[in-house]
Amino acid sequence: MKNDISIVLSGEAGQGIRTVELLIIRALKNSGYNIFSTTELMSRVRGGNNTTEIRVSNKSIQSFVDKIDILIVLSRNAIYRIENRLSENTIIIGENTFIEDKYKDGQYKIKDIPLSSLAKEVGGLIYSNVIIFGLLSGIFNINLNLIKEYISEQFSAKGVNITENNINAVIKGYDYGKNLKLAIQVEKNEEIKKQIILSGTESVAIGALAGGCNFISAYPMSPSTGVIQFLAKHSEEFGVVVEQAEDEISAINMIQGAWYAGARAMTTTSGGGFALMQEGISNAAMVESPIVIHLAQRPAPSTGLPTKTEQADLNLALYTGHGEFPRIIFAPGNVEDGIFLTQKAFNLADKYQIPVIVLTDQFFIDSYQSIKPIDFSMFKPKNYFIKTDKDYIRYKITEDGISPRGVPMYGKGYVRFDSHEHDEGGFITEDPEIREKMVDKRLRKMESISKESIDAEIIGSKNYKTLIVGWGSTYGVIKEAVEVLKDDDIAFVYFKQVYPLPNNTQKILEKAKNRIIVENNATSQFGQLIKSQTGLEFNKHILKYNGMPFSLEEIIEKLKEKK
Amino acid sequence: MKNDISIVLSGEAGQGIRTVELLIIRALKNSGYNIFSTTELMSRVRGGNNTTEIRVSNKSIQSFVDKIDILIVLSRNAIYRIENRLSENTIIIGENTFIEDKYKDGQYKIKDIPLSSLAKEVGGLIYSNVIIFGLLSGIFNINLNLIKEYISEQFSAKGVNITENNINAVIKGYDYGKNLKLAIQVEKNEEIKKQIILSGTESVAIGALAGGCNFISAYPMSPSTGVIQFLAKHSEEFGVVVEQAEDEISAINMIQGAWYAGARAMTTTSGGGFALMQEGISNAAMVESPIVIHLAQRPAPSTGLPTKTEQADLNLALYTGHGEFPRIIFAPGNVEDGIFLTQKAFNLADKYQIPVIVLTDQFFIDSYQSIKPIDFSMFKPKNYFIKTDKDYIRYKITEDGISPRGVPMYGKGYVRFDSHEHDEGGFITEDPEIREKMVDKRLRKMESISKESIDAEIIGSKNYKTLIVGWGSTYGVIKEAVEVLKDDDIAFVYFKQVYPLPNNTQKILEKAKNRIIVENNATSQFGQLIKSQTGLEFNKHILKYNGMPFSLEEIIEKLKEKK
Amino acid sequence: MKTNFDFDQIPETAWCPGCGNFAILKVIKEAFVELNIDPMKLVFSAGIGQAAKTSQYINSNCFNGLHGRALSVATGIKASNPELIVIAEGGDGDMYGEGGNHFIHAIRRNIDIVNIVHNNMVYGLTLGQASPTSRKGSKTTLQLDGVFLEPFNPIAVAISLNASFVARAFSGDMKQLKGILKEAVNHKGYALVDVFHPCVSFNKINTFKWFKDNTYYVDESYDNTDKMAALEKAFETDKLPLGIIYKNGKNKTFSENLKAYKNNKRPLYKREVNLKKVEKLLLSN
Amino acid sequence: MKTNFDFDQIPETAWCPGCGNFAILKVIKEAFVELNIDPMKLVFSAGIGQAAKTSQYINSNCFNGLHGRALSVATGIKASNPELIVIAEGGDGDMYGEGGNHFIHAIRRNIDIVNIVHNNMVYGLTLGQASPTSRKGSKTTLQLDGVFLEPFNPIAVAISLNASFVARAFSGDMKQLKGILKEAVNHKGYALVDVFHPCVSFNKINTFKWFKDNTYYVDESYDNTDKMAALEKAFETDKLPLGIIYKNGKNKTFSENLKAYKNNKRPLYKREVNLKKVEKLLLSN
């Protein structure tokens, strides 16, 4: 096995697969390997079957692959859902009794590990996870001292005894792994050791902090909840007001109250919760309150598939709220952009006094990547509110449509927000002329917003004939596919800002003879947007909507089929 | 004054202008005149300034005109808001003290009526309205007995004395009106006497009854509330369950429970309420519950202008709910279509088990027209639910995507609705293959739905070069403008079904050299839809978003400007 | 033994081993068997959450709708066919958090349904955040330093709203739970059954033992038609009372008040449109 | 006399002549003048309805947001700047209908605001439908044969939720109303002031005279810290009690509980991002 290895951990919810994942990706990264890991869950707390894929590579990677080089089976019924991803090269490692007989007919390489008895030797079944961590470390020949260090760190709070047991566990696994002699060859790179491991969730939360977020209110909903949980952990340290709302409607209104009083506030939610926020978002538009919404998509309609992935809430985000008003939608495709765009969302929301939506999905949220440290000095967090004077009026009609926003107690003016159509002072009006002027004023912001749109990024050949269009979380897989294909005719254009469309959209798309769009939804929502705004059509739509992200193999195959 | 007369009543909220309106349009219609009336309100209960325009014509008319032939001033401060609509031909009738001096400098024809003292003579200020009714009847020389009859009818319940006073009042006004000798000439038509006067609200409510509606739940919101109020009045007679919900979210979920149990249910709301229903609508899509939503638009975002008109919630209706699913949107432009389409909404919702939205607006809702009696035998209300057998499964995968819908207690099967992704039996599933099949099944309905789309209607020249596109409530004004222009190059295409686009859309639009779209919004939402679906652009957008409907003069002028 | 309410194939539940939901599911089925209720006449309107999944495991009619909206759906069902027995089921987050407004107003309507709330004092399905009924000080995956909001008291609020039947049970005592459920079903009008149950995965405070130690049953001498006495009970915190805390069956139910049934008792699905009548209405307009 | 809270130009109100809202507006302004409160420090968070328009007529800070959401907005404001005095204002439909869920949970948070509810027992602005507090039998423009739902009892529900201050006043007695409002403002924690007032346009039953005849004030001897006594009062129907019905100022307020203020008392608008700290957090991840 060389340079690109895919390990899958398969077991039940509640078994602690995530613990193994977090330990091993850190150990691998710190040994100089590129890693990417992603989790696919069932909507339950215990039991069922969850899988985590960990890729180890000599290159930077950010995509899910179908192939499984090493499968670690942690429970019964852990294979059937991924059966079609096994090949003759797959090494299946697991307790004998967990692997059904039909897999033992010689088509796969099976390595029996007496996990339960090993664990019991150490002190109980609870040590199984750490043994698996040791096993994987052994397979990759990771420095044993490093491994022990992690374990000490992880368990030090639990006392000497438990730490010792865990160290014994990890060594047992380690020896077992080494003895498998799997002859793994992945080039290492010293540089990678300096990298940081980050999940989509963490990138959004850290981006929020970098954007000055000091208020979050949200109602729990998979897969979006991690963001508020992260901020809760750092509430005291960063001075963030964190409140679980009674429902999403309260959350979206609460954050407007917060912005009004001078906070920088956000909410995090998924499709159903976002749907409930529609009225509130429209309200933000009218009172001209900045708001930042993190929308982590999952398959819909309705409850749908709570723990799976999809990109089908774009339309609701594009046309959010009743009435007409400006908005910005970002869709990070990697964790660097997760930080960068969420940070930027706060500044743009504040500058234009509009809703800014950071659109992610379960695949993005639950995946880990390693990235180079980020230079935070490039971020320029700025409070756009002004110190008011006595004659302050809230909705002054200005050339660029932006009326300076005051904050109560800062300055000498009263700050009057109003959800009716209003005059410049913020008082109810029904005057048709003022109405028209106010609509124009609000919509006029779109001009400046468009001007500072983030360009779409071209990856691959500059002289493309075939152009693949993707947005958000499909970034990694399309990028890698294009890299694998190494075809001078092919390029990939990555949209991290989906609305308003970047200024280079038309030009980039026009240049292609053959346009292919890739979306994790059934109706090609972004394709429709592009068509309605540029008039350009796509020759091919690669769409997936079964709850799973695209795999690398799938994209490569589809691109080869007809490019 | 000949054949096309515009009367405006201007006074305060709470003065009873609507009473006058309803009396006089009925009297005029029953005298053989074509009438159209429309109201423009301030968002308040008493005071302020409301105006009602009543058009009397020899032709069938359904639009608002700027010009005012006769202005009845019923309170102080009743002129300034419509000052720019007055001309030297305008006759202003009102109490001397209500008409500010600046209007008395000879530019207008002023007729002073001592309304208060006349009313007091009869018994008190409360009789002012009836005097005005008499006055208008006198001006139009309506048969006095007819007038007296109405009054007797209207007030019989209040006792002999009050009836008598009112008759005295009407006579006083009548005499006054006749004595004005305004020399009005409008051709009458016997046929019109057989017609029916109907408002937009009534057309939707009656359409609902014709569609078999027997359940409505809604939360009050202008301008949509009239529909539930109408059905409440007829609840016992038509066996309609009528319930005011605690909020719009409850309403949208309640009606799904109702359909589930075999009712034919609807809700009625405006933009903000509709925004709150987004999650519920997505739920209907997933459980495949029919639902009918009457969405009466008003200017947004947020609270906006509660009593004014706009067509800016189309986008939210088009892209309603999180996730991807079929829907149908109707937009009646006249009261016949109000009945026809609402009725049809119930049948299509039932047949396809999807949300059907009837999209109106304040202008449509609050206007009265006279129409020919409708032949109800053309309506074929049909319950599409089936009698289940023992092996009934709810979400059977079928060729057309429609899974027969059962109702509890009807037949031998259990009826299982589920908002998660589900298998054919309605049980939670997370299987990617089933997921994909279910998405396909639901979306497949769009094919049959599209096939039976209601064609767009061409009005005017068949050999048009210039084509004016309109939808919903702009029907009347564009139609009349085209009739006035009498230009062989111009036609108007009226969309009463806005989604999915009718099958004749592309063909009709392509044929035109010059395409003009008229919309009561700021961003041409329907134009964008057409562009994204057909690729066709518009040469000109005539847009209005100040809360007022288009006037006939305005449309004619804009069309002349550049056709 | 397979009851009327069991499927031919026993479905795999999505619950954690040891969860109180198993007991509640079992008791619900038994109660309906003992009440001799035809599953054809029964509908479960459920929200979203671990509790709400109960509806997936009962062989009967069901509408497993949105998080927080089970009561609205149930109202629509019952009002459209009063012959159905309608259960609105969900968790404490579902009914008192997201669905709080419907809880209040369903009680006001006195809609004749049974509202079963699986109260584990936590959000189970979303992995352990505080619920409205979480006790002060409970540390959760989101309230890391402990909940500081006043816990929602569904019993007291329901009584304050003059709910017609208010009970509380505990999944650990299946016999009593069954008895209470049966009374709730037989009761005419809105009936709340708040059922304590341990969430073994996320609620390490309010465990089986905790509920056992911190509850007691109201006794024979207790007059559950006395509103003030009921409220006193509802506010007890030393030990939480179980049983039928309040009962007030005097009011007409929602469906009984509806004019749609005044002259015609048939459920709506059996009715047909009378187009002639609609035409007449139009002509008389 | 022009107060601090009056505009230079008196705005035209959108209320009907004779409406109780005029008195409430007047008293609110007077109360703040007498309390010597700087209008710069005051924010009115209002919903939508005739009542909510009050915020348009006071010269101070205001957030006139959505129907039903004033409490959520107020919570966001107060939590972001605890130095502000925040009033959440709206009608009975606004706060107890559309906003019912926020009413419950704002009380649970004990957010230190005053919640003024203009209770005219009807939906005024939408022309006369029943509100949650409409009495049984009231005929309205939508409930043509009279309301049959149990009226929402905000006083009882608030007490059941252990609200820290619960009062009821009547617009017809401006002196008492003012006194109650002033106490509510001075009270630390959530304070409900439900104010009866006649809607002359749509409520022909609960008129000025009706309120006059059907209310009385709790007297000196009444102990408003006794929860059960307070509930007894809340349930009285013969005559409805006015005054401060319940008071319980022992709990910490929402803002006091927030960790964001543990080491830093400054309101959020005065704080700055520390990018270095964020960078360190990332590096330590």
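Read from first to last, the chains carry the letters A, B, C and D; within each, the first residue is number 1.
In the analysis below, contacts are C-beta pairs under 8 Å (C-beta built on N, C-alpha and C of every residue); 3 or more make two chains touch, one makes a residue touch a chain.
This structure is a prediction, so every number in the text was calculated from the model and none was measured.
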B-C or A-C, whichever has more C-beta pairs in contact: B-C
Far-end chain from chain D, centres as C-alpha averages: A
Computed distance of Cα centres, chain C from chain B, in Å: 41
Whole-Å separation of chain centres (CA-atom averages), chain C against chain D: 31
Chain centre separation (chain A, chain B; CA means) in Å: 45
Separation of mean Cα positions, chain C and chain A [Å, integer]: 37
For chain A, residues contacting two or more additional chains: 42-43, 242, 246-247, 249, 272, 279, 283, 287, 302-303, 306, 419-420, 428
Touching two or more other chains - residue numbers and ranges from chain C: 14, 48, 65-66, 100-101, 104-105, 132, 259
For the chain D and chain B complex, residues of the former touching the latter: 12, 14-17, 48, 50, 65-68, 97-98, 100, 123-127, 129-130, 132, 141-144, 201-202
Chain D-facing residues of chain C, complex: 100-101, 104-105, 107-110, 132, 145, 148-153, 156-157, 159-162, 227-228, 231-232, 234-235, 251-252, 257, 259
Interfacial residue positions of chain A with respect to chain C in the complex: 14, 42-48, 219-222, 225, 228-229, 232-233, 242, 244, 246-247, 272, 302-303, 306
Complex contact set, residues of chain B against chain A: 42-43, 249, 271-276, 278-279, 281-283, 285-287, 299-308, 310, 312-313, 315-316, 318-325, 419-421, 428, 430, 432-433, 435-436, 439-440, 443, 521-523, 525, 528-529, 531-532, 535, 537, 545-548
Complex contacts: residues of chain D adjacent to chain A: 11, 14, 39-41, 43, 45, 48, 53, 56, 59-66, 69, 72-81, 83-84, 101-102, 104-105, 258-264, 267-279, 281-283, 285
